[in-house]
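What follows is chain A paired twice: with chain B in the first complex and chain C in the second.
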Partner chain A sequence: MSGAGSGQYEVFHRKNMTEPMVHAGSVEAADPRMALLLAKETFFRREHPIGIWVTRRDDLHPLAETDVLEPGTDKSYRAIEAYTGIAKKREAVEEGLA
Partner chain B sequence: MIEHSEEAFRGRVERGDLIEAGDWMPDSYRLGVLKFLEMHANSEIMGALPEREWIPRAPTLRRKMSLTAKVQDEVGHAQLIYSVAQDLGKSREAMLEDLIAGKTKFHNVFHYPTESWGDVALIGWLIDGAALVTQHALLKSNYAPYVRILKRVCAEESLHLKHGEDITLELAGGTRAQRALFQDALNRWWEPIMHFFGPSYAPANDSLLMWRFKTRSNEELRQEFLNRYVPRIWSLGFSLPDPELREDPATGSWRYTEPDWNVLKQVVTGNGPATARRLALRRASYAEHAWVRATLQGGTHAEVA
Partner chain C sequence: MNNPPILDPKVRAALVAYLLPWADDELILGHRDSEWTGFAPILEEDLAFSSIAQDELGHAALIYHLVADLTGENPDHLALRRPANAYRHAPLVERPNGDWAYTIARHYLYDLADSARLEVLSGSSYGPLAGIARKMAREEHYHRLHGEMWWERLAAGTNESRERLAAAARAVTPLVGAVLGGTDGQEILVAERILPGIPAGLAADWRDLARPFLIALDPELGRLPDEAPEPRELRPASADFLALHAEMTMVSASGLGERW
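Our next item is the complex of A and B:
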């Protein structure tokens, strides 16, 4: 684990302060300062983000078993689509009262 | 280079700048925002309890699952907001310990008992609706880390609103007994809902409004809530326990009986009807789960599964 040193650096940026940081790509650099400079010149010649982060690829810890991200059972009740038709339901109740 | 003075900070605020956690800020901003975020996070974690009580008694398996998912979301919101609050200088542990010691506050509506499935419908539709009105307004706050997580919170609260409205419509279109259940909930919860937005006379000394962390006054938010929900409640054939409640056709604003603000003060300072019981539950679970926290911090990592 180290914050410096040469290698691949992953680049993140955000367009404005209310947006999350988004991955842009990677650069090879000798240290974080150089990685920031290369990131700016490689990815942001035309776009103008308000912030850039770089981090050594070795410091990222990807989840290997991505199948655990799949829901094990039907969890459709967690989605907003579970309640499509609610306006019709409301109309039906209101008509039933009239 | 940004100058480190209250005057320079005030200049940034007046220009409409957004503030980041690492920026220099005067203590009155930092402590005010921290207190607000802590109260919001406390309310999410305490707000999970009134509904949690109804998970075993939910009428169908699907209702049980969707209510469980909602309670899980609320606890998740607490996690998100405690993380943002931590960056302003108070540890999560200190915040949880102050909560269970009764030293810090949570929203008035979570100090009341949930007496029936009608209360679950009302909380899901109207309490979440009231919270969503205030949270939507805070998307325009100038504290950027809070705005970023509020976007996620608001998206999930919108789902909760539908969940609550769906249960409400089932009761509203149901038997006489089901309708009575929701009417009874409205009668008991109306005053706490009016209290929820706070007194209309607060803005003059509201420093968070002055710092543009908050963008709208208590009364503006209450009016928006009344405007959105009262006609819908009435159109379902329910009544509200306030004879003064009506929209003034000339101004478009809602009139209502001024709630007793001493009651709100009593409730949020730890004297609500369910305060002691809920805090005792939170305290007991904090003590019982000490081994879980210790294990998670012990450095032996569990597999993600």
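Our next item is the complex of A and C:
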């Protein structure tokens, strides 16, 4: 297929209004209308979302410098898991002080 | 759909005569559409068109069940065990698929005729018929959007795609009206409001829906004669249909038994 709008389209959907749009996959299409209509049968033959979006893949802007996404130092204190058992730890510390 | 409303035998016979050709149209068109599975222009379209084929077969099943409720016959037998010369579908739906443009032109113009029919049948006084018509209309909405998308794409694509679509439209347009042709005893159904519309009215509705698309392709094509469709009559099975029928009924006729 050729033409100004043709190419890969990324497809998003949501199951209900309280859920965010989620990526479902991509379709090849000649324009956004075709992408929407073909996405319905490509991804939603069994699921029935309440809405679909498509966007041209060329209109997505990926970050090139993916290394900045990796933490350089230990940032576990930013994760909830780092705080499991915090009450017990505190008890132990308090006992030690007493 | 157990316990359908009790109908006078004459009304029942007229309703069966009306429903069978329609069921056969949906079955045969669905079968032709399914021949594209694995061959459609792109993978995404392969899925979409296969799904549409399944929808049409599903619609045929709804109508055969309605007939079966009226006659006590087996819906599977109605669909797949009748001899070729007992089918009553319109010539339009049995034609081989040809190219993609022919497939789209045939299916879209059929869908427009079917939409005109479903619109009227959704108001049928026969509850089970109004019920399936409304169910089918929901799926037909997608079919129409899909057909419109392809029609416009082929018309606005290359010279070749436009020419192929125009040639296909010239070939199929004269065959579409017959889909809405009258059936034996139809006047009884109209009087009972089981069919709240007459063939001439349905054909006019179809022309109104189709005209803009045909004119956009070729103004000459949009000059649809203002005439009532020919009545739907039993006709000898064509070579095209004999081949299709042999394939379509092959498994059912193979004697593998009916318990799966």
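Just so it is clear, the second predicted complex is superposed on the first by the 83 of 98 C-alpha atoms of A that agree within 3 Å, B and C clash if a C-alpha of one lies under 4 Å from a C-alpha of the other, contacts with A are read in each partner's own complex, and residues count from 1 in each chain.
Definition applied: contacts are C-beta pairs under 8 Å (C-beta built on N, C-alpha and C of every residue); 3 or more make two chains touch, one makes a residue touch a chain.
No experiment lies behind these values; they were computed from the predicted model shown.
By the touch criterion defined above, A:Y83 lies against chain B but remains apart from chain C after alignment on the C-alpha atoms of chain A. By the touch criterion defined above, A:E41 reaches chain C but does not reach chain B. Contacts of A:M17 after superposition on the shared chain: chain B is touched, whereas chain C is not.
Within the superposed three-chain arrangement, the count of touched residues of chain A is higher for B, of the candidates chain B and chain C. Once the two complexes are overlaid on the shared chain, A:G96 sits against chain B while remaining clear of chain C. Applying the stated contact rule after C-alpha superposition, one finds that A:P71 touches neither chain B nor chain C. By the touch criterion stated above, chain A contacts chain B in their complex at residues 17-20, 63, 65, 68, 75, 77-80, 82-83, 86, 89-90, 92-94, 96-97.
Residues of chain A touching chain C in their complex: 1, 3, 27-31, 33-34, 37-42, 45.
Chain B meets chain A in the complex at residues 18, 20, 62, 65-66, 69, 139, 144, 147-148, 151, 158-159, 162-163, 165-166, 169, 172-173, 235-237, 304-305. Residues 42-45, 47-48, 51-52, 142, 145-146, 149, 153, 157 of chain C are the ones touching chain A in the complex.
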